[in-house]
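In the two assemblies presented below, chain A is common to both, partnered first by chain B and then by chain C.
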Partner chain A sequence: MTTPVKNPETQVKRPDESLFKRLTRQQLFIPVAALILLVLFNLIADPSFFAISVKENSLGNPVLSGNIISVLDNASELVILAIGMTLVTASSGGQDISVGATMAIAGSVILRMVCGNEVSANTMHMPLILAVLIGILVSMVFGAFNGTLVAYFKIQPMVATLIMFTAGRSIAAWINNNQLPIMNDITFKYAGTFLPGIPIPTPVFITALVILIFWLVLKFTTLGLYTQSVGINANSSRLNGLDPKLIKLLTYVILGVCVAIAGFIRVSRSGSINYSRIAENIEMDAILAVALGGNALSGGKFNIYGSILGAYVIQFLTTTLYKYDVPSTALPAYKAVVVILLVVLSAPVVREKLASMKKAPAKAAKEVS
Partner chain B sequence: MKKIFALALAAAMSLSLAACGGNNNTPAASSTPAAGSTPAASTPAAPSAGELITVGVINNDPNESGYRTANDAAMRATFTEENGYKTTFYNNNDAAQQIATAQQMVQDEVDFLLLSPASTTGWDTVLKDAQAAGTQVILFDRMLEADESMYVAAVVSDMPAEGKTAVDWLAAQGLDEYNIIHIQGHMGSDAQLGRTGALDEKVAAEANWNYVTQQTADWDEATARTITQSVIDSGKPFNVIYAENNGMARGAAAALDAAGITHGKDGDVIVMGFDSDKWAFEEVLAGRWNYMGLCNPLQAETVDSIIKDLAAGKEPAQKIIYTPEQGFDCNTLTQADVDTYGT
Partner chain C sequence: MPKGIALDKQGRLKDRVAMTDTNLLLTITVVVFFILYLSAVFFLGGSFAKPQNFLNILNNNASLIVLSCGMSIVMITGGIDISVGAVTSLVCMVCAVNLEQQGGNMLTVILIGLGIGLAFGVVQGFLVAHLGIQPFIISLAGMFFAKGMTTIVSKEPIRVTNEGFLAVKDTRVIVPGLGSPNKLGVYIPAYVEVGVVIALLVVVLLFCMLRWTKLGRAFYAVGGNNQSANMLGINVRRTKFLAHVLCSLLAGLGGILYFLHVGSGDVANGAGDEMNAIASSIIGGTLLTGGVGNVVGTFFGVLSLNTIKRIVSSLGFDEAWWSNITVAGMLCLFLVIQSIVLLRKNTSKQ
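Moving on, here comes the complex of A and B:
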């Protein structure tokens, strides 16, 4: 029963430091600042961005509609992936680039289960919960495959997961005999759209539930502590009685669960799948979310709330760009700008420069007073 | 020692990956002929009777859309050993990869190179090399930008005509104002250029035709849904969704459903899609969509007969053969059409 170690820097208050510097030291500074910037931009450019209205959907249910709802809704898969990706990053010091492809596999398995052998099924052939559980199980197996390569064969995570990145979508297609199954049963789509009578998109609830579960797990188990210590120094963790290999493997299996849930949300949005396009490039966004959350991509200390916030920032950015009719092909370029800024800001050289720049005026001000 | 071992493993891994990358779409039966064992390869245009005709098929990713799935399945069902072919298939949506593989196939001296190019440009060198090597090129499904002399035949969909049929149909609906959400396919592909071209022309020419937004969703349903959702959120009025394939039309319709905007027959918004998926025909039949432009994916048999003719020394009567296509309206579509054309 150990709570995760908090960033010690945030707890020690040094009286001689300016407020600005204390703020910038906070791990959540970058994602919060980015979010505030985006909100301010939208407030100034067009406040109607934040308008939320109640509409009636085609089934006659009242539903909330607006950009903010869209952000919360569309970020769901990314947030769930970012949580798992944070753990993997922290424990193994590398990222899983196969999450998009394994999402295709999980989605394909779930559709195969509920559709049976039909290409276009009107009723579910199996209780949905069972199909999802099978999808999670399969996804955990693929997570374990990645984790084994990383933990026991000591292959670079990016190289190890390149295998599933390359093969995953072909496997997903093979699971359904290269057909594109369609599930027409409306109850299948509840998880990706709206539950009857509830005006908030279901993915928002699923995401909240996942966040809650991880909060509880990190609060009441040693997973967070162990993951951090393995990421910081695997050898000394081993000397202290931990099994670094097992913990690395475990984080990949947990990511597998996250991937399956994200895949389920994605396929239930439309009741269908397109193997080569589903969740394309989502791995890059998930990694970006982790970085945006102020987590070191080389592993060690982590903060899943930073990654969650990072994921929402990315979706906020995407939605903002769509609102201003930026071509969807240009979106990666804007994300690249964010990455460049992040990398530059987090470079030690720049950090030192910034710190000394802030120190000088603060000192001068003190002398004057 | 450990490091060396890890390095060796990594090397082995990347090698096996490279192998994966090159071959994952190639069925086992399709290895290229071993050097020396096929003297006939030097006279590819006239393979002797009883010998298999070697064919290289470059197609797009079968998982890209329902259209492509049907197209690829038909090609694979036609160019089999029983039918007298020794075929190598390659599927990729990346034109650069397609070109590289085509180059390889030409070097392997296939008799016929069948192409469905992912983009219309960049094929000049391959086509020249093919001509020099005596490989005959037949285009299927999609055109590319090259002189007619560079290929022996083309069995393709007339994309500009498809676009024009659709735009003419839309014009005939007689709306006071056309506020269009235009969701484009993969930029630069023949299908996108043809279907966009006709609409672009009309919007430029008519004062009451406007784009609310014009975005590419890269044939992706989820992106199409997001684009439509963002227009709905912005509150801009629109009454037409012109999606360049059925998957994207479905994504857009899902966004409409979520916001309670009626569409299809008697709806507020006209929904238009393209291709040949059976489920999409059913959407039109049920009146949830208004229009579907048929794009016939089944060119395999026509290509097959052209090759057989060429092998027998008969030139095809026409260089460019357009597959028969038409647009279907929700008011006139019948179950018989669905059964005939749906794939």
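Moving on, here comes the complex of A and C:
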């Protein structure tokens, strides 16, 4: 909190460092630096990482393939989640850890709708758009459930969402009677794979669309402003005529929409679902994306583009680790180390220590006391 | 924690209010448990009426009791630790590898379990207490780290065949007077496993520690109000640090007990136990906001949770998913009750 006040002082003292300092104080510094590090690492270790080639997919369409395309493609769900998670973090000062489980629910609902009661359906029983809308609606209801617990019952967000984290995958299995429906209709898979004739994966377009919508919403509505003010001080925003509870609830419902879209992309990649494995550990990645984007996990001001960039960096890291044969089950251990490093570096105490290390000792002592 | 209960002048009053909270919530828990169990005995009868059935709840949940007690202590100081289930899993796996592939014995198993717990506790406690990072984030990272490490140690389940270990695992402590004759009329004595004895010992020790030692009272003070605790001369950081160390240490011990119960290392061991532990603590009357709680309540919380799980499964909902939904439902119910109690108290104070 006190660091911004101290900036000018340090900059005056060491003018030769000012450019570097100004850079490091930029909110996007951490994700950009991480991205550059990863790119450099891959360039040095194996430049073929960046190769993009044109291949034919199983339908005979020419499509682009390569690690970069795979990063852009596979990051889609994460980017969409990170956007919603940023809003929730900003308004309530906590994170929703049930996103993976709710994605399973949304996916399960959508599959149930398009498959009817068949275990393996060849045609859709319902227009896809309607099924997706129902999925979004269900997901919004679960978002509202979380939001109500957080906003109206004042339960810590992570504990409130623990309920859905525990029950979500079970509810998803229950919706389909624990069967694993498979959708064979190729049009169902368009959203998760490729549209005919277009060589770029569809999820990339969906993500771009979602980002565009949020850009417009944040630009032309007061959502962003209200969210920040509630996150910074709920009481004074109430005195200024806002309804902090409603706004918190709203951010959770918005996250619900994001979760449903992400869940839809995930199920339409394969046309099937595995309740315990789908979107496993994605809540961790989403929180990590928000933190990596330079957003305070304790709420308040946010930068949605930081989170988006953070999400791509995480997917880049994941793809890089996969390339070096790290098994998917061991990935969480590596990511956990990254998370801990990040939160340690962004902890106020550490920042203050780092800042005071460069000052005169007497002044540092004064700051601490 | 803006509990808004007491101003500085009313410090004494606040303490008294907090204690009645503990007693009130403890009473609710104990009553809920007895109502649940007795109604199960009356309406479902049969297996619930047998003492051994009750003891089996203990046998199956010795590790959960220990985990939940650790969780309660962290929650009393106002924190949370969701890495305990994953630590359990890691301890089981490392112990299994140690016994099967490195020729370990019971002593090394105990050392490994407590060592892993201690390591997690020291790191997490330091990050939470001294760097002021949210405990949820840290323990989430800890949970994923432990999960990842477990699969790095071994992906395949390992069954333990070490004789010394199996001897301890199969030791049964006979409970006098609770046995019942089986169908052939042979008297079968009721028993508990070694783990249960250890778990009960832990509950008693922690109860005494929380009630009568300086450290125990410091946990409540820090959870109730950081700043007043600081003004009372309590080292808040050290207290929080110790709470996390204690919790992870108990998670390590819980891992050993789990290992003693199942006798194998498996990635799926202890899955979801962090949720069960949090749910048990909350049902047992530990407030998430800190300052209120009791390990005896937690003990009854574990019993209530597992009783209701059994009731649900004996009602015919025996598919695996019902268990999770039940836990979540109980958690939700008690969270809302707590929240209403707190909100009402806050408004009545104003």
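General remarks:
Following the convention adopted for this analysis, the second predicted complex is superposed on the first by the 333 of 369 C-alpha atoms of A that agree within 3 Å, B and C clash if a C-alpha of one lies under 4 Å from a C-alpha of the other, contacts with A are read in each partner's own complex, and residues count from 1 in each chain.
Keep this in mind: a contact is a pair of C-beta atoms (placed from the backbone, for glycine too) under 8 Å apart; a residue touches a chain by one contact, two chains touch by 3 or more.
As the structure is a prediction and not an experimental result, all values here were calculated from the model.
When both complexes are superposed on chain A, chain B and chain C end up clashing with one another.
Once the two complexes are laid over each other on the shared chain, residue contacts for A:277 go to chain B alone; chain C is not touched.
Of the two partner chains placed by the overlay, only chain B lies in contact with A:180; chain C stays clear of it.
Contacts of A:352 after superposition on the shared chain: neither chain B nor chain C is touched. In the superposed pair of complexes, A:162 makes contact with chain B and with chain C alike.
Clashing C-alpha atoms with chain C appear in just one stretch of chain B from the list 3-11, 165-173 or 327-335: 3-11. Where the contact sets of chain A with chain B and with chain C meet, they give residues 153-156, 159-160, 162-163, 166-167, 169-170, 173, 178, 327, 329.
Those residues of chain B that touch chain A in the shared complex are 6, 9-10, 13-14, 17, 20-21, 24-25, 61-66, 69, 73, 93, 187, 213, 215-223, 225-227, 229-230, 232-235, 247, 250-251, 254, 256-260, 262, 278-279.
Interface residues of chain C, counted against chain A in their complex, comprise 80, 82, 127, 130-134, 136-138, 140-145, 147-149, 151-152, 155, 267, 272, 275, 278-279, 288, 319-325, 327-329, 331-332, 335-336, 339-340, 342-343.
Of all residues in chain A, only 48, 51, 55-59, 63, 65-67, 70, 74, 120, 153-156, 159-160, 162-163, 166-167, 169-170, 173, 178-180, 182, 193-194, 266, 269-270, 272, 274-280, 318-319, 322-323, 325, 327-329 touch chain B in the complex they form. If you check the complex, the residues on chain A that touch chain C are 94-95, 97, 149, 153-156, 158-160, 162-167, 169-171, 173-174, 178, 281, 284, 287, 291, 297-298, 327, 329-337, 339-340, 343-344, 347-350.
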